[in-house]
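Next come the structures, one after another.
The same chain A turns up in both complexes below, where it pairs with chain B and then with chain C.
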Partner chain A sequence: MSTASLARSEYAPENRSWYKRNEISVTPWLFMAPAILFFLVYVIIPIFQSFEISLFSWDGLGPREYIGTENYVELWDDPAFYTSLKNNVIWLILYLLAIPAGLFIALFLNQTVFGIRLYKSLFFFPFVISQVVVGLVFTWFYDPTFGLFNTIIGWVGLGPINVLGDPTYVTYGIIAAGLWPQTAYCMILYLTGLNAVDPEQIEAARLDGAKGWKMLWYVVVPQLKPATFIAFVVTIIGALRSFDLISVMTNGGPFGESRVLSFYMFEVALSEYGFRMGYGAAIAVVLFIIMLFFISYFLYSMYKDERGR
Partner chain B sequence: MFPTPIQKTPRRWQITYQSFLPLALIMWLLPLIAVGIFSVKPEGDFSAGQYWSLPSTFGGFENYGKVFFQSDMPRYLLNSLLITVPTAIGAVALACMAGFALGIYKFKLNLWIFFLFVAGNFVPFQILMVPVRDLTVDMGLYNTKTGLVLFHIAFQTGFCTLFMRNFIKGLPYALIEAARVEGIAEWRIFVYIVLPLMKPAIAALSVLIFTFIWNDYFWAIVLTQGVESQPVTAGITSFNAQFRAAYHLMSAGAIVAALPPVAMFFLMQKHFIAGLTLGAVK
Partner chain C sequence: MRSILKASAMALVTSAALATGAFADGHQLSGEMKIFLDTSNPAPRATFEGVIAQFDEMHPNLKIETTIIDREAYKTQIRNFLTANPPDVATWYAGNRMLPYVSTGLFDDVSDLWTGELAEELASTKAAMTIDGKQWGVPYSYYQWGVYYRKDIFDELGLSVPTNWEEEKANCQKIVDSGRKCYTIGTKFLWTAAGWFDYLNLRTNGYEFHIALTAGQESWTDDRVKKTMANWRELIDMGAFIDDHTAYSWQEAIPFLVDGQATAYLMGNFAVDPIKDAGLTDDQLDFYQFPLITEGIPMSEEAPTDTLHIPSGAANKEAARAFLKFVASPEVQTSMNASLGQLPVNNKSSVNTDDKFAKAGFEMLNKAHALAQFFDRDAPAEMAKVGMEGFQEFMVRPDNVDQILQRLEKARERIYKN
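Presenting the complex of A and B:
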């Protein structure tokens, strides 16, 4: 870059315009301006506004009333908040199963037999469908009168279980539905990763007598690290963003037992339960702070990567 | 290759694998296959309680006909299209420019701005919900497709910029230097040198954003309300209310709503997967 600007100042005449003289330092800002503007207005500034709104009592239309930390105090004693928080933790932990499950399916499909490309696409299929449709499909799948799930467990003499109507099972039932597309996503990440695994290392390890689990754990998985990192990021984000499935399958029920923070926030701020924007914003702030832990970790890993280049 | 190629294993294994493959697929897609079968069953099967028998007659034409001609479904599909396409164009355009700036130029705040886009991309929607809804109402864009499109463009710009910047970083920098030595203006470098090289990234991103936005549900119910602007993901709830307990029609509706991104995926598979797995390989 320095050679380029040197060359320019030697040959160009003295009285160039301000833009011409500063072209290299100004151009990136001109190119970024629209993206930064949009992103500031719709993403960055609203985050701070939410923090502010969480200190008010506001129905979204009338005047706001400043109430300090009262929303947070109320949150502290709100049993629905703890139910949501507990469910969020369950989501986070169980959703991570998508990563080993995806790896397992990827290993299963990492062959070159006739029609394998079509198999891979069809296994990936659930990820392309909207979560709303996945939710509907699984609602019918779990239906206690005719659902396939109860038909199948009926064959072994169990059930019927009304999965989505039972407070103990409901969250697990919804997570199972969510794992379906998420596993497909992790699978495709690992299939791409497996493609790039160094065949020489595999052969060398094979000569040394490694096979099966040992080969997988000590030779293959370390090489899949970038894929695992992305799978981890998207799975965590997906778990904390879970909203569509809950809204479609149970609407938070029964008795609010399937709520998570993202759903509870929506319910408080924008549904028939009332328009409590301030309280909703307070819940959103808590969710944001949980997410911030993960975001910092992701950014830190990326930063180390950038430095390493 | 890992696991061991099936061709190198005993014949017995090969046959087991080959026969297990379709079985595993059927199990994997079982809930979906069930809905597919539901959608071509005639109404009579359901009233007779024949949920899991094969369709007594083929009711597909009638069911899908009803979805297309006796419901608001076509309207919702059109709305989805009118929301999705402008968003994809807008977000990809903004990201091409921002990605160019962040990928090519070295300046102090470069990494900070890049990380701002990345971090914003991970934020929970709920922290944006109240202010964005408020802003949209204030601009008079509540319950319009424009309001939804503007937000989607802004939010997707985060992911798209991450994608584009990393892609442009991978281009040979010598090209840019050569052009500068020739005295070519910076914007011309973008238009004539970088942009043509970005075509695969643009294709991959467009397909991905199309799918993401088509499948969005949260913002659709936060920023829109009625049939005149709601996309199909939100519309399918009212569709299901209209045909309550008519499972053959609800199934057909669900399939219609899911189809466009599926078609997009199968048509543009290579780009789609390239986009989704960017970074999965070093």
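Presenting the complex of A and C:
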């Protein structure tokens, strides 16, 4: 006991402040505090507020009335909800095409010829322009009277197809528009990933006689795993929050056939005719649960990776 | 030095003169006044800027700040700015469209303006501005709906303006046979289809049924609604409407009329301006009243009213009230609506007789049995949305009619239950 106090008086002055004494453990929290604060205020708390609002009948302006799970009950047999859910699933599946497409464009561009930087930036271009512009460009592309799309399929004797006005094609038409920038995004992820591919392994594989598809599948793609993971994450999340393209291209139509959950939520709660905050919040909760499923999978696999290291 | 003195003396004199002018006007308005407008189309925008400049000149101590918001965006932004950052004056629409803001106390009760002379002058729209026995705004303009048609093509085919349903269909058959479509329409934003439903319903079942239906008192599976749909279907089956209308907005549907692929457009009078801009002249474009369908049903028309309101959170309600009065006055109504190409609400104003569409509309509306606002202004917002989506689906898949009406009926049961 006496030695300890002696040691302290000998090596450290007694009058160190509380902060100085705890510097190592406190500083990280101080640095994180602004981020934590904003994350709480703008993400975490609103999630719980959405849960709460989904139990009310509320027009967003007047007093609200507690109605329990009635919003969810109504959602259960709302055909528009199932249309949106079905479209969300189509989006999720088809949007993943951006990953292989991005990979192949990246492989194609991963060479050193004159002007390759220019070609790369041209391929990256659709990701740089706003989604609203992408939507408008594709709306004109699909236009049944003057659109390029119908002119092209006219050459092979097909059409005219009113892509955005026909309930059977509309969702696919919008997804095609969405794939354009998303492919560019995946491409850039893979291009950076390809820089990290170990040339010695390629060399070794080549000596062992690997080439073509086998080379790609067994040697290159495994080394691109981190890039694939990120591409997967951004694509899934991009598909689930697809909103701007739908809003610009079809406004959810024709007769609501191109809606997805996020758009439907906007429509019932916030659009011109929407005054049902509670119902919108209930849709948001369902969307959140779907997203949570993917997010927890991503977090879990990230956690596994970190521990495996 | 001298010039500065001179200038300041001049300024003093002019401000004194202006001040006395303002005093003569009653009392002086001061402070700031914020006006939010949804008049983003070129003609309405210029009109309002002119009116505001005029008002500004009359009240030199009042600082007016005008914000013009895109017409479609305004419809979703209004609830945000009414609650968070209310202006002193805001545009909106009459009828049920103002109910959400009235029932939550976001619009100021302006019944005090609806007294004396002004009330008499605006009497025709009083009902549309009244909720719970009070008035919540002041109308500045209204306009007729009707069929805008290509007179030159009608002449070429030897058609005359139809006055009843049989003639309308006979005309349409000839137009279709000539390789054209009878009507252009763009249903991407849904409400254009509601125009068709409203007119068919007004002519098939009358104004009273329209009001009862939009107020939720009649069933959507009623035989009378089915009759309306059956009439509509006759046109659809005939191929009367342009193809692919779900892909177009109302503006994008105009070229079909202009290049003669379609011969008529059921629309509000605001369409005349863009149609003429697209290249049609007064000789080519004309207007007729939607023809009679059921014998004995008095002719009622759609005449949506555009209005000005004072948010209850307004800071300068005195100036706002003065502005509303100013806009509603006969002279301002006359000049304003002449440049809008619409109809003045004040019965002491006059219609621009050079504008044949305004003139025709004015005559038609004066003879009307009753005036409906429009489907999405007479019905509550949710019902309007579901209903218009149903109409659009019906225009593409008329076979689904029973299913659509059942869906609307289910929505009605839910929406009006409170």
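Quick notes on this structure:
Methods note: the second predicted complex is superposed on the first by the 295 of 309 C-alpha atoms of A that agree within 3 Å, B and C clash if a C-alpha of one lies under 4 Å from a C-alpha of the other, contacts with A are read in each partner's own complex, and residues count from 1 in each chain.
Assume a residue touches a chain if its C-beta (ideal position, glycine included) is under 8 Å from a C-beta of that chain, and two chains touch if they have at least 3 such contacts.
Owing to the predicted nature of the structure, the values given are computational and were not obtained by experimental measurement.
Within the superposed three-chain model, A:60 lies in touch with chain B and with chain C [touch as defined at top].
With both structures placed on the common chain, the touch criterion links A:148 to chain B but leaves chain C unconnected. Once chain A of one complex is fitted onto chain A of the other, the partner contacts of A:265 are limited to chain B, with no touch recorded for chain C.
In the superposition on chain A, contact of A:162 is made with chain C only, not with chain B. Within the superposed three-chain model, A:226 lies in touch with chain B and out of touch with chain C [touch as defined at top].
Contacts of A:253 after superposition on the shared chain: chain C is touched, whereas chain B is not. When the two structures are aligned on the shared chain, A:102 is found in touch with neither chain B nor chain C.
With both structures placed on the common chain, the touch criterion links A:294 to chain B but leaves chain C unconnected. Residue by residue along chain A, chain B and chain C are tallied for touches, and B comes out ahead. In the superposed pair of complexes, A:238 makes contact with neither chain B nor chain C.
Comparing which residues of chain A touch chain B with which touch chain C, the overlap comprises 60, 270.
On the chain A side of its complex with chain C, the touching residues are 59-62, 74, 79, 142-145, 160, 162, 164-167, 250-251, 253-256, 267, 270-276. Interface residues of chain A, counted against chain B in their complex, comprise 1, 3-5, 7-8, 11, 23-25, 27-29, 31-32, 34-36, 38-39, 41-47, 49-50, 53, 60, 107-108, 110-113, 119, 121-126, 128-133, 136-138, 140-141, 146, 148, 151, 180, 185, 188-190, 192-197, 199, 202, 215-216, 219-220, 226-227, 230, 233, 237, 240-241, 243-244, 247-248, 261-262, 265-266, 269-270, 277, 280-281, 283-285, 287-288, 291, 294-295, 298-299, 302-303, 306.
Put simply, chain B touches chain A in their complex at residues 1-3, 5-7, 17-18, 21, 24-25, 28-32, 34-35, 38, 51-52, 94-95, 97-98, 100-102, 104-107, 110-111, 113, 115-120, 122-135, 150-151, 153-155, 157-158, 161, 177, 180-181, 183, 185-187, 190, 211, 214-215, 217-218, 221-222, 233, 236-237, 240, 247, 250-251, 254-255, 257-258, 261-262, 264-266, 269, 273, 276-277, 279-282. Here chain C touches chain A in the complex through residues 72, 75-76, 79, 83, 100-101, 103-104, 106, 187-190, 243-247, 255, 376, 381-382, 384-385, 389-390, 392-393, 396, 407, 414, going by the rule given at the top.
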